[in-house]
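Attaching a single structure in structure tokens format; questions to follow.
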Amino acid sequence: MLFNKRTERYFVWVFFPLALLMPLFLEQNTFYVSKLTTVMIFAIFVMSLDYLVGRCGLITLGHAMFYGLGGYIFVIIAPEYEAVNFWVYTFYICVIAALVALIIGFLVLRTSGIYMIMITLAFAQMAFYYFSDSIDFGGNDGVFIYVKPDTSIFGISLFDLDNPIHFYYLCLLSLFNTLFFFRLVIRSRFGRVIDSIHENPGRTTALGYNVFVFRLMAYTMASALGAYAGYLFTLQYGFVNPSMLAWTTSGSALVMSILGGMGSIYGAILGTLVYEGLHYVLEHLTEHWLLFMGALIILMVILFKNGIAGYLEKLLEKRS
Amino acid sequence: MNNAVILETEGLCKHWGGLKALDDISLKFHDRELHGIVGPNGAGKSTLLNLLCGHYKPTSGKIVHKGEAIDAIKPYAFARRGIGRSFQKTNIYPSATCLENCCVAVQRRMGGSFNFLRSRYRQQVLEEIATEALEKAGLGQRRDQVASRISYGEQRQLEIAMVLATSPCVLLLDEPMAGMGHEESQLIIELLKTLKREYCIVLVEHDMDAVFELSDKLTVMVDGQHLTTGTVDQVRDDPRVRDAYLGQGDEVY
Amino acid sequence: ANEDPIKVGVMLPFSGIYAALGDAGRNGLKMALKEHAQALHGRQIEFIEMDTEARPERAPEIASSLLDQHHANFIIGPVHSGVAMGMIKVLKDKDTVMIIPNAGAAAATGPLCAPNIFRTSFSSWQPSYPMGKVALDNAYKRVVTMSWNYGMGRESLDAFRESFTAGGGEIVKEILVPFPKTEFQSYLSEIGSINPDAVFVFFAGGGAVKFVKDYDALGLKGKIPLLGSGFLTEGTLEAQGPSAEGVRTTLHYADGLDNEVNNKFRQDYEQMFGKPADIYAVQGYDAGLLIANAVDQLGGDISDQAALIKAMEGAHLFSPRGEITFSRAHNPVQNIYLRQVENGQNKVIDVPAAALEDPARGCKL
Amino acid sequence: MNKLLEVKSLHTLYGESHVLHGVGFDIEPGQAVSLMGRNGMGKTTTLKSILGLVQPRSGNVFFKGEEITGLPTWQRMRKDIAYVPEGRGMFHNLTVQEHLQMAARANRKGEQNWDYDRVLATFPRLQERLTNLGTQLSGGEQQMLAIGRALVTNPDLLILDEATEGLAPLIRKEIWDVIRTIKASGISTIIVDKNIKVLKELCDKHIVLVKGQVVFSDSSSGLVDRLDEVESYLGV
Amino acid sequence: MTTSLFFVQLINGLQYGLLLFLIASGLTLVFGVMGILNLAHGSMYMVGAYLAWYFVQQTGSFTLSAIISAVIALAIGIVVERLLIQRLYRRNHLDQVLLTIGMIFVFNALQSILWGDDPLGVQVPEAMSAAIPLTDVVEYPVYRIFVALVCVAIAAVMYFMINRTRLGMLIRAGESNREMVECLGIDISRLYTIVFAIGVMLATVAGVIAAPMSSIVPGMGEHVLIACFVVVVIGGMGSIKGAFIGALLVGLVDTFASVLMPQLSSMMIYILMAFILLIKPQGLFSS
């Protein structure tokens, strides 16, 4: 079974149909549609991080580098005043990001634990300062994208990216595909090796697996998906800024993924929704939202052993 | 004996800083033989095994497997050549079931590890082989238990089951019986008796009953040096061995 | 007229490093609209406040919230230039009016200028350009310039260079410090070894405090005159303490400006918020004035955006900083003052440029 | 005569699985007690329950007449109990020397019969490895260190869980000699080991566990009498 | 670069490195030695600076302010450890990340509520306001020399305590195997509370000491946080010597890079860290 936990099946059955219907209720207020779109895009990013951290045991604080690169690669390779094809550029961006990840992973994956956290951070910061000091790419202030790509395949255009509702569905589809994809990978034989490496790399080597290569594959895959999320984010408002690459972005994603429940994959969606939701609500309630946000986070760590997903599982799986 | 030499070391040395944990060890391990290695604590037995399975790199010297020098290859490549090993300190996947522990080992050989799509739950063959390995090691009953929840002795059995599951041609066993009860030890002894008809086994063990019973050849090491190699009887009566290792009395502790 | 309140979206940083600036801007804005309540022809003001956290990547989202969710008539913000870019992307040519109460990025009223984008603060060119002339007047020939390596900083240094080198001055070295680094010791040692006639810098907030204190601690003060874009000593004087005494800066405002509006403004502000007003408060205040002024002219009916923009373009405001009007690119045309810190206050000593207009390079309005 | 240690009907569970079903026994001062049983019968769990490393669901533990059931582990150990865990519990970031220095202390009576030097004299092998980190020792060396580390706390009750595992015969013999010395000096011991021959001669009392229950508890002579029965419990 | 400028920059680099060590010293203890991932370390540094400012305002004496701040920090440390951190020892390290990020939020909010968002400054104490001339133009404030000396002293004391005393051995042992330490009759949980509190106090004291030579602003904690982790990791986890040398290295590289290769200077400490970790994946002096 692909979604092998009851909780996860429930979640998928509740979340996706609801998300599918959501825009119908929100026709008046396109802001909520955009907001949810942003959340879903970030959830894709968080999910790819969750896979790395929770499933592969590769803790990185440099994942935002790929998020930002997703945007900047587009800015660099796409012509400025000409609509390009969305799918073709998705492919380009994922491939280029994967190549970058291959190189960086090759260096970074020699270390482990905190050392890996720091060396991934180092590379991300280099990329951050590269774009932030650059003059060509708008430096600290960022760059605009003036023309959005079109999404036609063989002349049939499914989505109009300038239409927030269309864009919403594109992102929803992407989110579902990402979840599906990761589930597939986790269930696969490759996934078994990754789980083994996560739990006991030394033993896995002794059994004859080339741990480094497996890790590199996982890293590359997750990074490419991270870049895809960044690409979507860039397209949403047509705006790229180096702060997308900043370590604080990686940090937020890490927070959301831990909050959601490390390694559960679907927890990434929960974590992002809850975090962004809380943020949104508190921000509108009080100027000192930070205080309450912090207190709630602390409370949640203490109460939930394995994040929100873990908590839900405890509630739901017990009965079975 | 006239079995082919499968694994061989030539002048193998391993130094830790100033300490010569292994000093110029040249040994030959034959196919279908159980080669026992004994020696006082800290003699370098585990170190030798660690070198033979690629876990450590030798300071100097050569390791030859089926005629090829393999001391420079990567650790995982040792296992791929069929050199399997069990660890002195229990080394398993604690949160997975016993079956899953062995499946990981079987899968290496059966392939498909880079297959992102094929489900790991559709795996008749894999499970059969893994189950067989578990049963051989006497863990058939624990098949679906989570490894961290079985007792220490059972974890030692699992350790062996995992090596068997890789179906190696050379088995390096580091104190497989340590921590096991009599019955289990007996089981392992019987198991090794059948296995040694097919494999080359290198056994490091302090349980003298087992070693004497099983070994076709016995090497004694002391302080990183090779003391003697011979049949069980030759070694047992060697006064140097009694001095350094066995003790004088007849009692076996 | 209309019973609905006028919705004013406030997009400023209330947390993080720019929180103080956001706070002051909001205070000023609210004060102005309260003071000029009768100019609103009975219309209430509804404020919708959003914390940008100075995070550019959040800017489009918040801006679209104010635009699409709250349908704000005016959006005031931001402080940070990166955030400004993200906002402009969403708000450009939309039916809400954006008033920038701080961010000086040249692009906002340059290549990206739009009918509905106004600025009540300054373009980064404005406060720094006149300083070149001041330096030359003081016979400083060799000057080292220094700032953080980001848009605002580079634009400020370029503006200074423009007027300074045109008059025959020489920039012996331009030092760009990675933003937001505040370890200045090594740079200051280097300046010491170059020993120029003067140093011109752009820093603001905490960095400005640290810079001025380090400049003093390492003994450069008193040996090499320190000039700066006025933000160096805005909202930071108390923290800088005696180290700031004698520092000369140019800005479109000074605490000690002796005009009626300013005197009253400073007094009221101090009374209302318990601390002295600074430039950020003035800019926010002027955003309020601009709104009140336009609403007044239209008799409270702001439903026609073209008329509203026309009214705003023609505004002639009596700001605490003196009179301001708006250029064709919607940037204020204003006096730039030369100030010197004396007894913990920015004292005006000259007006090197009166009614200075930003060249608005690249704006097609 | 008051008992040194009294264990009364311990019930211990790991999550859902019930491992100890009312284990109870007692030890008199100076006695050496063996705890035997096949793998997974609950020997280690019994020891951990006594020490508070796992919390028994019910049952009581008394030491020197005092109830220690609810106390945190460190307070129990402070009453002069020492523990050599299975798996040895080495510190990966401490050298051999530091292992002994950090643990060394006088007992509650202020005696310090075992100190750093005496341990090194007993295990000369350690003397050569003083600057090695705990996990850089051979298996047997780790075992010696674990015993030495327990001894320098100068306990009244020494608990050894498979302490001779992985030791060479000669060393094993030495360890048994050490335990004899310890016993002679009046220290009580609980020994988990599988070498029934030695235990029979060394210990005063023998306890056999099957599936978390005490099925045999008697003196050495009793053990000799019922050797066949006990051996069947142990699967010999 | 002239020789005299070279020496001035060398001093600058060392001074910056020592300051970094001072700020990172608490983290070395809490994270490096005890293995607790405390991201709120930077916040405690910030709290230190604000407390220094506040109590200088109240008492007028810098020394007194430093002492009061240290005591408050100890109390905060004890409460935080007992109430929060202690619940997480048995859990995944990442939960500590989440918890301490929550703490950063709370500290930042409290700072804003209690002290506002304006930049603040503390004057150098009168007794140390003198300066020593270095070149014709540049002079060197006595206070910064004092700070450097404090850093060296803290480094020495920490090194001795962690590596030579029984207490240090216990702390290290606790990082490796808490249960076993408890089996030796040590109240590990109280020990950890105290050491954690000391770590927090060191961060706070660093904030106090640094206050007169920096600006006190919101967000100042996050800026130093990364630098602190860089220092600890470059040196190798758990090594005081490593952290000390790591700090000096970062200080020197940063200082010389800003002068010699300004284009790269923003990235320089990251390049340094990546370089070191690629050559020595466990840091310079890890055990």
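Residue numbering begins at 1 within each chain, and the chains themselves are lettered A, B, C, D and E in the order written.
As a working rule, a residue touches a chain if its C-beta (ideal position, glycine included) is under 8 Å from a C-beta of that chain, and two chains touch if they have at least 3 such contacts.
Remember, it's a predicted structure, so these values are computed and weren't measured experimentally.
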Neighbour overlap between chain A and chain B returns none
Chain separated most widely from chain A, comparing mean CA positions: D
Distance from the CA centroid of chain C to that of chain E, rounded to the nearest Å? 35
Rounded Å distance between chain A and chain D, as computed from the means of their C-alpha atoms: 51
In angstrom, rounded to a whole number, how far apart do the mean CA points of chain A and chain E lie? 32
Residues of chain E that contact two or more other chains, please. 108-109, 112, 266
Enumerate the residues of chain C that touch no fewer than two other chains. 15, 149, 178
Which chain pairs here would you call touching? A-B, A-C, A-E, B-D, C-E, D-E
The residues of chain C that touch chain E in their complex are 15-17, 19-20, 23, 149, 175-178, 180-183, 185-190, 192-193, 195, 205-210, 213-214, 217-220, 223-224, 235-236, 238-242, 275
Sites on chain A touched by chain E in the complex: 53, 59, 107, 110-112, 114-115, 118-119, 121-123, 125-126, 129-130, 132-133, 247-248, 251, 254-255, 258-259, 262, 288, 290-291, 293-298, 300-302, 305
Can you tell me which positions in chain C touch chain A when the two form their complex? 14-15, 49-51, 55-57, 59-61, 64-65, 67-69, 81-82, 84-86, 89-90, 105, 107, 149-151, 154, 178-179
Chain C touches which residues of chain A in the complex? 29-32, 34-35, 38, 129, 132-133, 138-142, 144, 233, 236-239, 241, 243-244, 249, 283, 287, 289-290
Which bits of chain E are touching chain A when the two form their complex? 37, 84, 87-88, 91-92, 94-95, 97-99, 101-110, 112-113, 222, 226, 229-230, 233, 237, 263, 266-267, 270-271, 273-274, 277-278, 281-283
